[in-house]
Amino acid sequence: MWHDFKKIAALLEKGIGDLGYARIDHTRCERCGFPEVIYGEGKNVDQITGIVTEIKAHGAPLLCTRIDADKAAAVKNVHPELEYCPISRCLLHRVPVTPLPGFRVALVTAGTSDLPVALEAKHTLELVGIGAALLCDVGVAGLHRLLARLDELADADVIIAIAGMEGALPSVIGGLVPCPVIAVPTSIGYGVASGGFAALAGMLGSCASGMTVVNIDNGFGAACAAIRLSRLVRGKHQAAAAK
Amino acid sequence: MWHDFKKIAALLEKGIGDLGYARIDHTRCERCGFPEVIYGEGKNVDQITGIVTEIKAHGAPLLCTRIDADKAAAVKNVHPELEYCPISRCLLHRVPVTPLPGFRVALVTAGTSDLPVALEAKHTLELVGIGAALLCDVGVAGLHRLLARLDELADADVIIAIAGMEGALPSVIGGLVPCPVIAVPTSIGYGVASGGFAALAGMLGSCASGMTVVNIDNGFGAACAAIRLSRLVRGKHQAAAAK
Amino acid sequence: MWHDFKKIAALLEKGIGDLGYARIDHTRCERCGFPEVIYGEGKNVDQITGIVTEIKAHGAPLLCTRIDADKAAAVKNVHPELEYCPISRCLLHRVPVTPLPGFRVALVTAGTSDLPVALEAKHTLELVGIGAALLCDVGVAGLHRLLARLDELADADVIIAIAGMEGALPSVIGGLVPCPVIAVPTSIGYGVASGGFAALAGMLGSCASGMTVVNIDNGFGAACAAIRLSRLVRGKHQAAAAK
Amino acid sequence: MWHDFKKIAALLEKGIGDLGYARIDHTRCERCGFPEVIYGEGKNVDQITGIVTEIKAHGAPLLCTRIDADKAAAVKNVHPELEYCPISRCLLHRVPVTPLPGFRVALVTAGTSDLPVALEAKHTLELVGIGAALLCDVGVAGLHRLLARLDELADADVIIAIAGMEGALPSVIGGLVPCPVIAVPTSIGYGVASGGFAALAGMLGSCASGMTVVNIDNGFGAACAAIRLSRLVRGKHQAAAAK
Amino acid sequence: MWHDFKKIAALLEKGIGDLGYARIDHTRCERCGFPEVIYGEGKNVDQITGIVTEIKAHGAPLLCTRIDADKAAAVKNVHPELEYCPISRCLLHRVPVTPLPGFRVALVTAGTSDLPVALEAKHTLELVGIGAALLCDVGVAGLHRLLARLDELADADVIIAIAGMEGALPSVIGGLVPCPVIAVPTSIGYGVASGGFAALAGMLGSCASGMTVVNIDNGFGAACAAIRLSRLVRGKHQAAAAK
Amino acid sequence: MWHDFKKIAALLEKGIGDLGYARIDHTRCERCGFPEVIYGEGKNVDQITGIVTEIKAHGAPLLCTRIDADKAAAVKNVHPELEYCPISRCLLHRVPVTPLPGFRVALVTAGTSDLPVALEAKHTLELVGIGAALLCDVGVAGLHRLLARLDELADADVIIAIAGMEGALPSVIGGLVPCPVIAVPTSIGYGVASGGFAALAGMLGSCASGMTVVNIDNGFGAACAAIRLSRLVRGKHQAAAAK
Amino acid sequence: MWHDFKKIAALLEKGIGDLGYARIDHTRCERCGFPEVIYGEGKNVDQITGIVTEIKAHGAPLLCTRIDADKAAAVKNVHPELEYCPISRCLLHRVPVTPLPGFRVALVTAGTSDLPVALEAKHTLELVGIGAALLCDVGVAGLHRLLARLDELADADVIIAIAGMEGALPSVIGGLVPCPVIAVPTSIGYGVASGGFAALAGMLGSCASGMTVVNIDNGFGAACAAIRLSRLVRGKHQAAAAK
Amino acid sequence: MWHDFKKIAALLEKGIGDLGYARIDHTRCERCGFPEVIYGEGKNVDQITGIVTEIKAHGAPLLCTRIDADKAAAVKNVHPELEYCPISRCLLHRVPVTPLPGFRVALVTAGTSDLPVALEAKHTLELVGIGAALLCDVGVAGLHRLLARLDELADADVIIAIAGMEGALPSVIGGLVPCPVIAVPTSIGYGVASGGFAALAGMLGSCASGMTVVNIDNGFGAACAAIRLSRLVRGKHQAAAAK
């Protein structure tokens, strides 16, 4: 059996771009539907620039998250066509993609301070051709702010609900609508809510069943989950159409 | 100064019933508005029976919380006129009190499983003459269950909102009504919500400002907080009437 | 605005079955796609029996989770047609439902000890007409056990990946397949892994993007999330067919 | 029912000032008795300036908490009439309000380092016309410092007790006075007391019953709770007067 | 150097009673002033009985803590002269010791439920000839209960202050008296105070300087600390007398 | 690439014994040097019995950990030749193995209560032919108990150091000897030491470098780590001999 | 009783220096043996300067802890005779005190990085006339470094043992010497040892009985505990001499 | 016995270089196989420079970890021949050592951001003459990246597996290879994975038995563990050769 593992290794090596300090997974988009993200923290400018060069050479869309303005500027010196969003701290390279029409994602935030996470998700979705509506500052402390937007929520195919503090927004949404709800806790808050752990616990412990949760501040991950859903919907369509 | 402390000590000794293993604070009701509670856990039958005897001898109302059915039965062997509530695990002795008319407390629970905590609060309030309405199972996963009872919430002078799991109920109520809201997290839940810590964090971290919180499962404490409010209202009344 | 809230209250009251200690949300299935579950912990036999009677009277499918064998037997004395699964501690009442053909859920567990959670999910899915394949004991410590089943994973529309201990299974699956992956940490483990918190943290912190997570041991919740997905797929189908 | 929710949405929309990144809840003051606070952390200068403009346009009092001196100065460039308190990091805009006479709030701190939290509460109260007395540095390590001020405590209608470290001050006060006591843990402390969690746990776990607690460093929230109490007292007065 | 360690090993072996499963440290009393305690949890009856036999053979006083009534009875079958205290779950064998006159330890508890920990300390002290006064149920929620006993506190050489819940008692005592104060948190409490962690954090984070703390429920350890103090005092005496 | 994974799947299936609820990894011993362990918790008697039957049919040694006496007895009804150790709660089936001479493992425990974990390690080692010496109760509170055994420590090839409470034993040993030291924290202890987390943190945070750690109470895992070492030593031997 | 409290208040007021933002406890030295410390964190230069002026006016020794070099320099502009120690971040004002001869405190640190905490203790002791020997860098990873200093440890009246990382040093010392041992965990360490919590847990959970513990990095508190001991010894002397 | 300890003390003193603030353990290399590391955090430039001078005077290899570029430059002013690695923040002084041929360590990282920890390990190994291969960025989210390198893993004598986030890499490796696997969690990650605690828990809780773990980011410690293994192998060789 050990021998079998080794035989396959040679084949697998093909899809990998090896930079020494990084091994770029060029088939991830094919396997999972979204390109490899560059997690900006803990990497220096040289490493990021090198990975960007490698990914761009393969013509893939590119997203580097959690990268500060200074580092981003240094990378843009080499790759000036990249786009930087200072609110979400994302560095982007958009490439033409086939849009996925008729798939509606709603990005809903409890407060204005949750906007960076929402934008990280929005950028990720747009990179693969999915548009997303943004509904900001509709937290449960002023319930009518949310209820006033029920039409938009009811029309969404997927809702990404983003909240810090006590994180109650997704629970309330989850009880109102039947579509998939992906909850994103944010690190907005202080005291018991600092770091986003109260929001995370609230979302996981929610009695609004069928809601799922990603890591704190993980707008990218929530978007990827929505992309997985979109592929499922699209695939089923195609299967149906093929019949 | 040391001398001064000692001088007052002799005076203070008067209000205390000393049983050796316990020192009963007979003036607490006069000072704080509610009688000394007997915390049942960690006390044996002999100790509880002795304290009950001492308190009854002073004619005060009596509440022993967190006492199991077996222990309660053993205490009732000596004090058969006590009343036991198996759901809230409270042992009670009611004495005639002057009711406080026109002060309305609403006890609201997110789920049926939160009932024991609500009943502990209800017993405490009734012992000092305050009636309380009970609204059960109106958690935010089915928001209309709550909205359907808005009239009753709007009429309350104080709301005690009791919830386990993610504990979002008080946040939503706090954003709807202007009266004091006392939130009680319960230990109902599992995983991240086990022990009530997710609910507690959610309530403390809530963006619905002006809500206050007590310890997990502390129905007695929430009721005492409501009693403190009732005394304030009553006192202001009397001051106004006296003018 | 206050007035507006109250106006809607009257309308809302209709869909609720009020038992005093519980308010049954009879329109949840219509709103969210799955019936109200009875969370068995913290409820006594009388309460559960009463809720069962109310739900059955409306002809809905019924699921009571986390109910011990003794309590279940007592409820079955009144409702003998209920079915009890001792491994998952679920009490069920199946009603005829329209099956959802061509929607494949794979329930994958890391170890044999994760089976109770997998079965809770399986029962929930079957109650609404979704069949689920069960792949047991394919944890990452023997990677070939998992790789040998890749075909089945690749064919699934949704994977519910269930693991205790370090919870690495969903990370590995998430990197292999493009479909939605719902991760369920279980409380199987000891020391740092006790209670399921290591598995939960591992799943949330996973670098396999696009995976979502539910609460520890929450097989029911994972199934509900899959049901939300199935409704989305079905709805898109119907929309396409209607064109 | 779904239809009913949508009908009411149009009505609800009226009370909301929508800035895209924020939805100002202009009826919160009417509903809950205090204006919407701007939580300064996680918002940039443009966002805060925009929200300030919107709130001022409605003539409401304005409070922005947790805003650093630099950001505050930038906002004051646009709105020079705002007032900044560097100790509590509050940005304020006072508008004429009807004072609430005869309602006495005592703000009591355990140490000098707790002053910022006390001032945040003081500013909040003053914005709605409630004056508050400040008793600083009376922590329990020098009990006579507290006992010397008993007269002032006994005269208060509400006590807001603010303490870091072990947070024992509210416990001691709660056992001495019958009025409502709102405890605020502060993040002053180090080691086990760092972040304010020891103080928070001490206050929630207190055996001085009837005390309620808000989040760590939440001076604003404690003041809002006192405002809710004041409205209750005032409402009862008016009801009594109307008879 | 390695060689040096080995040379001393032969010498050291002399003071040890080797039972295979346990190595009794017969010189601990000589070195540290108190005999080796048998920690009862995790040991079976055979092991405890064997250790008791070994210690008794050396004529030392004997203390086994945290031993349930059943296990204790089984050990007493072999060693009927042992004494069992069911409240503190201690099994004792007293031997004649020279009392230490004029050294006064005060054992002060916040509540009646803290009694078991106080008794564990009392038994330990008495085994080596130190008497201890017991002041029960003088917690800070009724401050006058404590102040009334100030005389007794002021007369003590060492105070062992025992409290659960928020654990504020030692902070208050530490600010009143100049003698060494050893604080013992107890596991009495629920919610945030469960397990004794709130009390522990409160005691460690106390602003009453010069107080020291032992582990939760560790009455034995607090007594040993007092014994170390008594030896210091006695030693200084003897040194002074010898001059 | 996907295709490549699938190709290997067919090959891999061979080494797996599929029982439905469990997939036995028959090549683990070949791959990793120790047989698959049956983790007894969370498995019922039927499942354990079935797995035992499957493993025994392949002639492999067998270890089931964390199995209570009752369950073990039920399994022994079917497989009477199994051996049960009540102290370590292990169920064993020994098969003839080639002993590994000259490889000395020392199992060192801080206290008698750590014995169950030491025995779990001892059984695991013996199953694959490695003998282990047991040094009990040599914790650092009586340092000479340890120093007296230095010869035995110095002679060991690998030391497995097992301790609860503060877990200081491995730190001290790690500073004395040059051989590999595997530290095992145990759940023996109370208060801050309960569950073994203080010992775990102490061992991981140790300044005695080069010590490695396994999970709390994981005697089996520590033994497996020693087995991995023994294979390395043996392999090097054989390589050297082959030259 | 209420009346009694108030009567004493007037008397108590005498010993307090009221600065508005601070209430100086001028009798603390008389009550507890050490002067009030100024906790530097969270106080601004104006507040510290004011408190220094007040304390100096009473001729008491003065210690301000946790004050950065910048702040200290600003205070020294007003009070140039103060002394600043940059390693321990202490600001001191020494006044002539009667030394306590023959009372030997040993300050022992596990590593060089623990020096700041040791110096904070040393400064505190010296302010009240107690000299302290410093034994640095004798942690248990090199046991002979400690054993080589046994003579000095054996001669001490009190040992203050200071350690970060796993904090095992006091456990080992506690098992070697019979004098009081005060353990101080430090925040030196990383990963599981970061913040000092592993050291704290190790010290509290130690099986070396009779050791007591103070908060993380609390060199001041440990010194105060030693001062309390010294007063006890001195008092006993004087009592003996008076006979 | 006390006497015996003291006798050995004089002998022990020989191997220690006493700098007052530090006691250099010059025989550690002889005892444990690797030189004393200087933990850079919490030490100032003077202290580090002094220790470097002392160690260099003894001709030992030298490693200072966790030292910032600024501090390192200041030390290099005095000791210009030292080498600084900015990625791992190590300051090194290499001395000629006898290489250990044929002992292969593989350093495997899950991501590029884990590189600093891997380099700290690599420097440590090289200082004592052990070469190490570096395999970067082969985390489990792209399993084929790892499988493609199986040959290299299978050839290693020891694998040091380094991962942040969910830390699943060592679990997968541990199930594939029979050699010793030392897992190092890194602090790379955010939300639940921040600080490295999720990775640590995942590694300790792993079901891949026989893997051992060191503290978060502890590349030095993992290397020391590998050095201990290499000594064992070398020693066995020599013993075999001597026969």
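Order as written gives the chain letters A, B, C, D, E, F, G and H; numbering starts at 1 within each chain.
FYI, a contact is a pair of C-beta atoms (placed from the backbone, for glycine too) under 8 Å apart; a residue touches a chain by one contact, two chains touch by 3 or more.
Fair warning: this is a prediction, and the values are worked out from it, not measured in the lab.
Counting steps between touching chains, the shortest path from subunit D to subunit F takes 2. In summary, the pair subunit F and subunit G forms a contact in which both copies contribute largely the same residue numbers, shared numbers making up over half of all those used.
In terms of their C-alpha centroids, the spacing between subunit C and subunit F amounts to 36 Å.
If each chain is reduced to the centroid of its CA atoms, subunit A and subunit E end up 56 Å from each other. With each centre defined as the average position of its C-alpha atoms, the distance from subunit E to subunit G rounds to 25 Å. The residues of subunit G that reach two or more other chains are 1-2, 5, 8, 12, 15, 28, 31, 39, 111, 141-142, 144, 174-176, 191-193, 197, 200, 204-205, 207, 209, 215-216, listed in rising order.
Partner subunit E is touched in their complex by these residues of subunit G: 1, 5, 28, 31-34, 37, 39, 102, 144, 157-158, 174-182, 200, 204-205, 207, 209-216, 220-222, 224-225, 227-229, 231-233, 236-237, 239-241.
By the touch criterion stated above, subunit G contacts subunit D in their complex at residues 2, 5-6, 8-10, 12-13, 15-16, 20-23, 25, 28, 36, 39, 41-44, 47, 51, 66, 185, 187, 195-197, 200, 215-218. Subunit F makes touch with subunit E in their complex at residues 87, 111-116, 136-138, 141-142, 144-145, 147-151, 154, 176, 188, 190-194. Residue ranges on subunit D touching subunit E, taken from their complex, read 110-111, 139-143, 165-168, 171-172, 174-176, 189, 191-193, 197-209.
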